[in-house]
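Chain IDs A, B, C, D, E and F follow the sequence of writing; residue 1 opens each chain.
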Amino acid sequence: MQFEPVVLFFLLGVFAGLVRSDLKIPGSIYEALSIFLLLAIGLQGGVKLAEFPLVQLLVPALLILAVGALIPLLAFPVLRLLGRMSRADSGSIAAHYGSVSVVTFSVAVALLMQEDIDFEGYMIVFLVLLEIPALVIGVVLARSGSGSAQWGRLAHEVLFGKSILLLAGGLVIGFVAGAEGIKPLDILFFDLFKGILALFLLEMGLVAAGRIAGLRSYGVFLVSFAIITPLLSAILGTLLGWMLGLSVGGTMLLATLYASASYIAAPAAMRIAVPKANPALSIGAALGITFPFNIFLGIPVYLWMAQFLHSFGA
Amino acid sequence: MTSQPMTLLIIISETVLEDILIDEIMDLGAKGYTITDARGRGTHGTRAGRWTQGGNIRIEIVGNAALCERIVQRLQSAYEQDYGLLMYTAPVELQN
Amino acid sequence: MTSQPMTLLIIISETVLEDILIDEIMDLGAKGYTITDARGRGTHGTRAGRWTQGGNIRIEIVGNAALCERIVQRLQSAYEQDYGLLMYTAPVELQN
Amino acid sequence: MTSQPMTLLIIISETVLEDILIDEIMDLGAKGYTITDARGRGTHGTRAGRWTQGGNIRIEIVGNAALCERIVQRLQSAYEQDYGLLMYTAPVELQN
Amino acid sequence: MQFEPVVLFFLLGVFAGLVRSDLKIPGSIYEALSIFLLLAIGLQGGVKLAEFPLVQLLVPALLILAVGALIPLLAFPVLRLLGRMSRADSGSIAAHYGSVSVVTFSVAVALLMQEDIDFEGYMIVFLVLLEIPALVIGVVLARSGSGSAQWGRLAHEVLFGKSILLLAGGLVIGFVAGAEGIKPLDILFFDLFKGILALFLLEMGLVAAGRIAGLRSYGVFLVSFAIITPLLSAILGTLLGWMLGLSVGGTMLLATLYASASYIAAPAAMRIAVPKANPALSIGAALGITFPFNIFLGIPVYLWMAQFLHSFGA
Amino acid sequence: MQFEPVVLFFLLGVFAGLVRSDLKIPGSIYEALSIFLLLAIGLQGGVKLAEFPLVQLLVPALLILAVGALIPLLAFPVLRLLGRMSRADSGSIAAHYGSVSVVTFSVAVALLMQEDIDFEGYMIVFLVLLEIPALVIGVVLARSGSGSAQWGRLAHEVLFGKSILLLAGGLVIGFVAGAEGIKPLDILFFDLFKGILALFLLEMGLVAAGRIAGLRSYGVFLVSFAIITPLLSAILGTLLGWMLGLSVGGTMLLATLYASASYIAAPAAMRIAVPKANPALSIGAALGITFPFNIFLGIPVYLWMAQFLHSFGA
């Protein structure tokens, strides 16, 4: 199974967290790293998108969005009935798993680049697009019957929140400037990308350590949910990618997008839109279980799944 | 030194509410406020100011007793149930 | 507005003691605390918050008088001699 | 617990004045001070702590009433007109 | 007209600011970016300066300073009489426009490098030198008749303030170490320069958005002043550069220096030295109007002016 | 004598500090720079270590540790008897001088790379290993007879404190991933290293300025101690390195390790473990005197010593 050394930094962070080291990445540095990652990914996607006839993307994009919307819709009743969770918590967790994780996606891209496997660069667009329906569906489910949500505030939070804004902004700049115009920025936004991802994973490990320590309190249901949901979502993504004729790399990225759960944009949005949901549950599952599962086991498995399916011809 | 008796209201709550609380406070008639970033622990657990956990803000308002009471009542009814929130008041002398 | 008379205890001390002081405070029965980063000057000289000099933290505790007195006594006997430390109390009204 | 009644003086003003205000305060006889970074709104508009706008600092001084009065008078006459400035006092018990 | 993709980041920042996004560059990161930019520009200038006979620079330098001092001296009566502004505000705004903007200069250099146009590297020295007379003149004008300024504090603020200190310090280090000695630092200070400039412009856009929103309140006079002053100053610079026999690139840089207005060093100095001046007016004009005007329209125009004049022979 | 331009940034920082400039590196940036330096040095060491038969290192390592432990053991009686310092201060200062300085080591490595002198990469391991006995010995000496130290807290502080954790963590990651696996991180952790070291030295200069200003108050003894101790320690290191058959570069690095004094890890540990020690004395000596002495005079001298000894054959 393929292995990407950058995940070792996550382990170092987890170790530091578990032994209660005084190591911490200052908040402002974390902010800067995340601004960097979001912009860099957006730029990379924009440059790739510019080389592509946009109209051809329309139908696949709609399909990818429609299938992606199934994830929160299916997760909600499972959480509600099997998990006996409150309506608010079920909606919030469903939204987290319908959304996507930029860092998980980045680790997947790093693995593809290390293994020299090609992929459709425009997959990055779905980092932006998948977030929106997932959050809306989650909020609707969470609040159904309990009075109107502050939709205005939520729309603002999602569309103009920094995650989407930087991803989409980078995408547009990369698209407008093109590979040639972006060249002087390459060394910062492309060459340094993986090193900065390493530092980011270090901090993720530090924070995840706290969540991992609290694992027991989540109960068997939530832990199972946090492992089975990404696997099922990835199967959905692999099948769809294969049907749409994506390359092996693109198929694996789509599976990773579906499988990943948000722990940055979704928590902030849910805290405002669904105040009654307990953030410890959703972040604990997404960051403490699903994220490490994906970067250590999930991503190699999704790559294998894509290769396996494609071995039958595309 | 002409000083004026006033009420000091301290509100400690979640960073994510900053813009919302400011809107409430100004709507209720405050002339000003001061905010510092904070971290802490309370009945809602530890809020260490790390990104995924969120941190706290400490809002300081000098105003008349009636204003402070209006703010306390509004925040209690709207936010106390679902968010980390601590409020206390003390008499102070405004120096101006 | 149901308010409750309480004591506010402010502790200003060295950043390096943060974890230790929190353990002490919680052990002595505090229900919560709030911390902000600070810098300052006192009998131990200037603590500008630059790394090799170290900075200060400002801990804010709302509790009953007995708790605050226990904390003050414990910190005085254990830390006042060797570390920068300033503590003061004031009566406040907890709003809840 | 031997405690001593003192006056707490809080000064909220513009970050750009930090060094100047510290000089004034120490010149007037303060034994120490504590500073935290802050942001806020008042009659001089919003001071959000972004670079080109500037932020605020919150200075906390524990001293006797006469010292606090000297500081208040000096800052009022020298800075109140041209700079954002808010000062208030409260009685506290210094614990030492 | 030539176009430099890095300014797109400014637009992204303005957009984020106008839609009230929660995106913000943490203060400490902004500080770090600005320390980096100032040092990097200083180092670049120092390396260039080391390849140059310093004595030959003396007469042109004095001329450039003398003509530069005209800008605040001419701006003051305009502000006072035409704009009916207070003595304090007129002096403060005059100081801002006599000073220079490091970021505007950087965007101009980036354009020259993209278009492969040569320039005299020692122009960077004037980033340091032009600041000083402008601030002194502004303070003298603002305070004439109103008691003595705290000259000691002002001198300290200007000479040892971080802007001048880092620019001048970088200059000296670059000069002493030379191109060879600086080489291992190249990748940080030279290759990353433009990427970091992009991040800086993002933050500038965020802050400028607030100023642009307040535009109406400045009145027609100040808005016109903030557009006409840079144009006239640039014409002065272009003529002088051409007379001094500078290259096209050098001429354009001199025009840009004259045209740009300070929004970092000058505001801090004026807040202390001329407390009665309203900082919202000077920063609003310099950052909200003149800065975007210069990077979008001004710089391409100044390049065209330099090329036009030089087409008549140098 | 060889000269490394990066130390000019230290001078700039000292200058800024002495003239009371408002320049400061924000705390979070300093934190980030130091996390970067520690990780980068660890990674470099780990990659080098992976190319080396570990067993062969055992005996030299034990010797280097044993001789290194002599430094605090010899320094303590000198401080106590000659310097008439309190037991707590003597123990704390001894611990600082038995420990090592990562930045001093980095400047030495930078000089070797500039002069194209080879060295044993695994010397970096001793940045981690020398710290531990020095701190333990210092605390034992400081507290002998005065009741038990909080050994648990101290062990935790030393082993899991961020300095050791990042150095050791980087070492392990570099070792596991190897040169090939680390390659995509090279540009961040290796190519940018010297530029970031320059920024770090700038901040060190700023802080050292305050210490240098307080020099007089330390008295003649402490100043002499802070210059003679590194020289004697370096002689010890040079002899040992030569006897162990290290290369010229490795010998010089060992001398530098012995000669350097800690001002990051040791102060934090001592503040907790030996509260009665006055941190102004130990940090003042280590950062205000020994550090600048080492980077300006010491390191070139230690290189010369190594070359001199090796000229007699290894």
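Quick note on the criterion: a residue touches a chain if its C-beta (ideal position, glycine included) is under 8 Å from a C-beta of that chain, and two chains touch if they have at least 3 such contacts.
Everything numeric in this text was worked out from a predicted model, so none of it was measured.
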{"item": "Common touching chains of chain C and chain B", "value": "D"}
{"item": "Of C-F and A-E, whichever chain pair has more C-beta contact pairs", "value": "A-E"}
{"item": "Distance-maximising chain from chain F - centres being C-alpha averages", "value": "B"}
{"item": "Identity of the chain that, by mean CA position, is farthest from chain C", "value": "E"}
{"item": "Geometric centre distance via CA averages, chain D-chain B, whole Å", "value": "20"}
{"item": "Length of the line joining the C-alpha centres of chain D and chain F, rounded to whole Å", "value": "41"}
{"item": "Chain centre separation (chain C, chain E; CA means) in Å", "value": "46"}
{"item": "Chain D-chain E separation of Cα centroids, rounded to whole Å", "value": "35"}
{"item": "Touching two or more other chains - residue numbers and ranges from chain B", "value": "36-37, 90"}
{"item": "For chain E, residues that touch 2 or more chains besides their own", "value": "26-29, 31, 187, 192"}
{"item": "Chain contact topology (line, ring, star, complete or other)", "value": "other"}
{"item": "Every chain pair meeting the contact rule", "value": "A-B, A-E, A-F, B-C, B-D, C-D, C-F, D-E, E-F"}
{"item": "In the complex, chain F residues that touch chain C", "value": "24, 27, 30-31, 206-207, 210, 263-264, 267-268, 271-272, 275-276, 279-280, 283, 287"}
{"item": "Residues on chain D engaged by chain C in the complex (per definition of touch)", "value": "1, 3, 6, 8, 22, 26, 31-37, 60, 62, 90-96"}
{"item": "List of chain B residues in touch with chain A within their complex", "value": "14, 16, 20, 45, 49-55, 82-83"}
{"item": "Touching residues (chain side chain B, partner chain C) in the complex", "value": "9-10, 12, 36-43, 56, 58, 69, 72-73, 76, 80, 86-90"}
{"item": "Chain E - residues contacting chain F, complex", "value": "26-29, 31-32, 35-36, 39, 156-157, 160-162, 165-166, 169, 172-173, 176-177, 181-182, 184-185, 187-189, 192"}
